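Pasting the structures here.
Shared between the two complexes below is chain A, which has chain B as its partner in the first and chain C in the second.
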Partner chain A sequence: MATNDDETSTGGTDPRRIALYGVLIALVGVYLSPLYSGLTTSLKTQQAYRETSPLQPPLEGLTIDPWLTAASELAFAMVNSFAMVVPATILSAVFGSLAAYGLTKVDWRGQALLLALFLAAVFIPYQAVLVPLRQFWSIVDISSLHARGELVELTITHIAYGIPICTILFRSYYRTLDDELMEAARLDGASLARIYRKIVLPLSLPMFAVTLIYQFTQVWNDFLFALVLLSDRANYVVTLELNALAGAMATDYGVQMAGAFIAALPTIVVYVLFGEQFAKGQTL
Partner chain B sequence: MADLQLDSVTKVFVENDGNEITAVEDVSLEIEDGEFLVLVGPSGCGKSTTLRMVAGLETVTDGEIRLDETVVNERKPKDRDIAMVFQSYALYPHMTVRENMSFGLEESTEMPDDEISETVESASEMLDIDALLDRKPDELSGGQQQRVALGRAIVRDPEVFLLDEPLSNLDAKLRAQMRTELQRLQEKLDVATIYVTHDQTEAMTMADKIAILNDGQLQQVGTPLECYHEPANLFVAGFIGEPSMNFFDASRDGDRLVHEQFEYELSDETAAEIGDHDEVVLGVRPEDIEVRSDCEAAHSYETVVDVVEPMGDENNVYLAFDSEREETFVATIDGFQHVEREQSIVARLPEEAIHVFDRESGRALRNRTLDTQTMAEPPM
Partner chain C sequence: MPFWLLPTLLVLLFVYGAIGWNVAISFTGWSGLGQPDYTNFTLEMYRQMPADPDFVASLRNTIALLIAFTSVSLVVGLALALLVDRKIRFENTFRTIYLLPMALSFVVTAIFWSWMYASDGLINTMLSGLGLGWFAQDWLGDPRFKLAAVIVALIWQFSGYCMIVYLAGLRGIPNEHYEAARIDGASTLKLYWRVIIPQLRSSTVGATVVLMVFALKAFDFIYVMFGTNPGRSADILAVTMYREAFSASQWAYGAAIAVVLFALALTIIGPYAYTQYKRGAL
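Let's turn to the complex of A and B:
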């Protein structure tokens, strides 16, 4: 919104300002109302849900039963999700960082071509790889080796899919690192690996926060790859199980809403934990 | 003890499109142990590339770099026994001063930890940064960071010290102070040192020997005073000295040099030195120009004062031969001598102080005659 800088602030009397805040508050309402009604619904008994408006606070018929039901239904899928997301996130960040180091601070032929491949990979849509992905994993059949094999396949898929974007993010950061630092370390006797370990890695921590948050959210929220690769219900990740939950309890909107909140919780926690580092990484 | 030699060293960069750029061409230099060599030249002249080749950060296209008679062209930087101070200091930002200084010793030597910390501490005392050992670089001032960068180089106890424009990020006062301090330090360490700078003042004041580079080619190697008083060519004459030497394009006409606005009589001696070169450049340093109110002596010319730059101890006076002021030249006169704009004065260009260069090749044909005096020791 354009507000004039040389206009002296007249408190609440400026009609343009009042209009501005009015619009903003209305927009906040629009954005928050689904969350709000979801929260109220998840705290109401079935009866209260039927009898009251979704916007009405759960004063009568207050219950936390939907949360307990959803939590117990989703518990195993949450564990599966974590088992997949944590290694997928960390490994794609680490590989991305290593690749970016090789593409910026190490001099060798053919870098431009490889970088172009990384860049292209960022823009490959999920849908485009579903069929080849399915075929690949039927050839490299990890799922036949172990009951949890499907989950390993999904994890590796996410690592591979996450590497390009992590590489590009790290690369843009490493390009700003002073080359003289690397040269000083070379003169100090450090090898390429030691320079990465002792100089580049410690300086990349803010960028790791950025990629970890990004990758965690992407992988945690993924539905499509999980749908294609997981067939055994025991291996379901939380997005799939939430979908199954909605199907099984078609009428119990309270449980569905609570389930949705539970499924979203880890990404919020990650933002809170790494938020400061994230902001630092983005301003770099 | 080390003796560093560069023998016809050439560096050619090949660009992506196949273009070849010769950054350094056929440079030969010798730096004896304990000697302070300043490599000076305008930006892009190849001086940093030369230094980086010595450090091993750039490969050598042609020629040899020898350390104590051993060719080190193919040796890795860490095996060359050199230490380098970078223009940006290149301090590791996530490490404390202590960690910065001990990193090199940890990476490249088998020195036990207590010996490392002892070395670091004694070096930091020498540089007066022992109180800062536990701070991070971003908590230090520019001057302090500079000292840490020096300390990091000193602890390695190298055979050769390389400094790449180490003072360029400091303010003028601190730069002058660090200049003397660096000199003192180098004398104490007694290590062969190559110091790269574009600042001719640093070159003049610090060097045992100056090497002047232009366009990748070595122009002259000599002591500061040699380069100042006996420049090998036009480039060196113009580069060394502040304000720069005045140049006048002139043609030879018998025993006179004819410039658009004046004629300069030559003595037989000078004429002989110039030989049969017809198109020449006459050079004279600002401080050699005598400014008088009137003068009948030879080589005196009527001029008009264009601009006066008072420096306190002296004034830089820009003079023009005519009121059009298309071409001015500068004379440095005593600070107490009062001169005003627009004033008409006589400038004398004494023959013993003039330089003459061949205009085409730039080579010096005649340099000023020197009559240096050494200050006598007081009688015992």
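Let's turn to the complex of A and C:
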């Protein structure tokens, strides 16, 4: 916004303008410093790590060994994470879209109450459901059916707890959709399901991008549900395995930092590619 | 069957059913192996709390974290938004960098920050470099600094989120408001204080709810940094709950602590959801 007349003098060397950029760049340093110290350390040999400060780039004693060690430790857990995240993300987005359509474009009583419940569910501290969740999955014991059962339980859990936020995201978008088109289709005798498929779904694609990116990041980054539901190391997702790795290599910061980058890589890639959609999901 | 029934049922069952179940468990006194006995309800778990020094300490820390984390994140986020909102070049790049920590898992950021805070980590190195070596500390070992260290790292992670909320708010303010204030001869400072900040009220409310609720459940970061027992100086309810239930098998007591957390969250979410509903914003 034009808050003052600074921008009229951008061509010159207005000292206030220079100070502004100075502050902005200093802040970039602050915000990137944990990643910077992690990156330099992950590329140093043990000797270089001991002899140089984390501020210094790894000019001598450059190595990628910590990355190789961390990658081989985390590989199976990355696979588990993907196997869980992809269906969990897609299904909670689809369910969220369906629920939002039902709660927005179809008139019936009790809509507002349900919406308030969905909104509150977005914010609920998951601690309040952890003990029942453990009980539930010991009664509905999918893990006894198959060695990968725990991962299925975790996936279903993520779908269920992802629906409220996905619904709220879609709902805010469906409110803005024009009713006339749907009304016309309804008068033509189209069923709700048909209107959804032919009109609402195609119009929802930009919102699907926002929701999928939000949900992918949430589920990939989750630690708490995985901690409570997964007991077999073979089923560990990457956040859990990274925590185990950090515990086992408590003194080897190089491997820990490389592991943190590897575990974060999918979300960083998604963030860099879809920054706009990510920001949108956060502010709605 | 209406097509929205399945998602709605999943939410009602997994969220509200589970919360009700958790309340029931908190009344049972269930611990150890075996199953809860729902025929014998007791308030014993809630009576224990005031006499449990761990609980009292973690309640106090939770409130301290909530207040410090929320207020500083808002101030830093607002400052970032005002800086970025000045028709700067590479605005996108700056925004992307400030928001980047929000895309990272707490497991990842806790690992980065445990190295930042280590005795020969970046923070102490920088302090020595600036001639402030005497101020270098064992940030994560010293009970005086543990909680503050966590709060600083969480502010780092969430201030970018506050920035984008405030940026969206700033961009919703009509240009005429700036113009009118300028014609009145308001100074830049006055312009911000009198005209702009008051118009950011709904951004502030929204971000405050999100930050406060997050502060209540900030579990991952502390767990990864300190394990199940961070000590009384950095323990928070979310961690105490997990430790009682899942490490000590004091299921009912853990469930009762979770009820307290839920009640705290409700005092924040309830009024927010209600006003949103009243204003027709839902």
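Everything that follows uses one rule, which is that the second predicted complex is superposed on the first by the 258 of 284 C-alpha atoms of A that agree within 3 Å, B and C clash if a C-alpha of one lies under 4 Å from a C-alpha of the other, contacts with A are read in each partner's own complex, and residues count from 1 in each chain.
Definition applied: a contact is a pair of C-beta atoms (placed from the backbone, for glycine too) under 8 Å apart; a residue touches a chain by one contact, two chains touch by 3 or more.
For clarity, every value in this text was computed on a predicted model and none was experimentally measured.
*Asks:* Consider chain A as the common anchor and indicate whether chain B and chain C clash or fit when overlaid.
*Replies:* Aligned through their shared chain, the two binders fit side by side on chain A.
*Asks:* Just chain B (first), just chain C (second), both, or neither: which does A:M78 touch?
*Replies:* Neither: A:M78 stays clear of chain B and chain C.
*Asks:* So, A:A184: does it touch chain B (first), chain C (second), both, or neither?
*Replies:* In the superposition, A:A184 touches chain B alone.
*Asks:* I'd like to know which partner A:I142 touches here: chain B for first, chain C for second, both or neither.
*Replies:* neither
*Asks:* Scan A:G275 for contacts with chain B and chain C and give back first, second, both or neither.
*Replies:* The second partner, chain C, only.
*Asks:* Should A:V86 be classified as contacting the first partner (chain B), the second (chain C), both, or neither?
*Replies:* neither
*Asks:* Calculate the angle at chain A, using C-alpha centres, between the directions toward chain B and chain C; round to the nearest 10 degrees.
*Replies:* The angle comes out at 100 degrees.
*Asks:* Once chain A of both complexes is superposed, is A:A244 in touch with chain B (first), chain C (second), both, or neither?
*Replies:* A:A244: touches no partner chain.
*Asks:* Going by the touch definition up top, name the partner, chain B or chain C, that contacts more of chain A.
*Replies:* Partner touching more chain A residues in the overlay: C.
*Asks:* Quick one: minimum Cα-Cα distance, chain B versus chain C, in the superposed arrangement, integer Å.
*Replies:* 14
*Asks:* For chain A, give the residues common to its interface with chain B and its interface with chain C.
*Replies:* Comparing the two interfaces on chain A, one with chain B and one with chain C, no residues are shared.
*Asks:* Help me check something: in the complex, which residues belonging to chain C touch chain A?
*Replies:* My answer: residues 2-4, 6-8, 10-19, 21-22, 25, 36, 80, 83-88, 92, 94-109, 111-116, 118, 120-122, 125-126, 129, 153, 156, 160-161, 164-165, 168, 170-171, 173, 175, 178, 188, 191-192, 196, 209-210, 213, 216-217, 219-220, 223-224, 237-238, 241-242, 245-246, 251, 254-255, 257-259, 261-262, 265, 268-270, 273-274, 276-277, 282.
*Asks:* Touching residues of chain B toward chain A in the complex: what are they?
*Replies:* Touching chain A: residues 55-57, 77-78, 82-84, 86-88, 90, 92-94, 103-104, 107-109, 152, 156 of chain B.
*Asks:* Mind listing the chain A positions that touch chain B in their complex?
*Replies:* Going through chain A, the ones touching chain B are 178, 180-181, 183-190, 194, 198-199, 202-203.
*Asks:* Note which residues of chain A are touching chain C in the complex, please.
*Replies:* The contact residues of chain A facing chain C are 1-4, 6-7, 10, 20-21, 23-24, 27-28, 30-38, 41, 53-55, 95-96, 98-99, 101-103, 106, 112, 114-121, 123-136, 157, 159-161, 163-164, 167, 171, 192-193, 196, 217, 220-224, 227-228, 239, 242-243, 246, 253, 256-257, 259-260, 263-264, 267-268, 270-272, 275, 278-279, 282-283.
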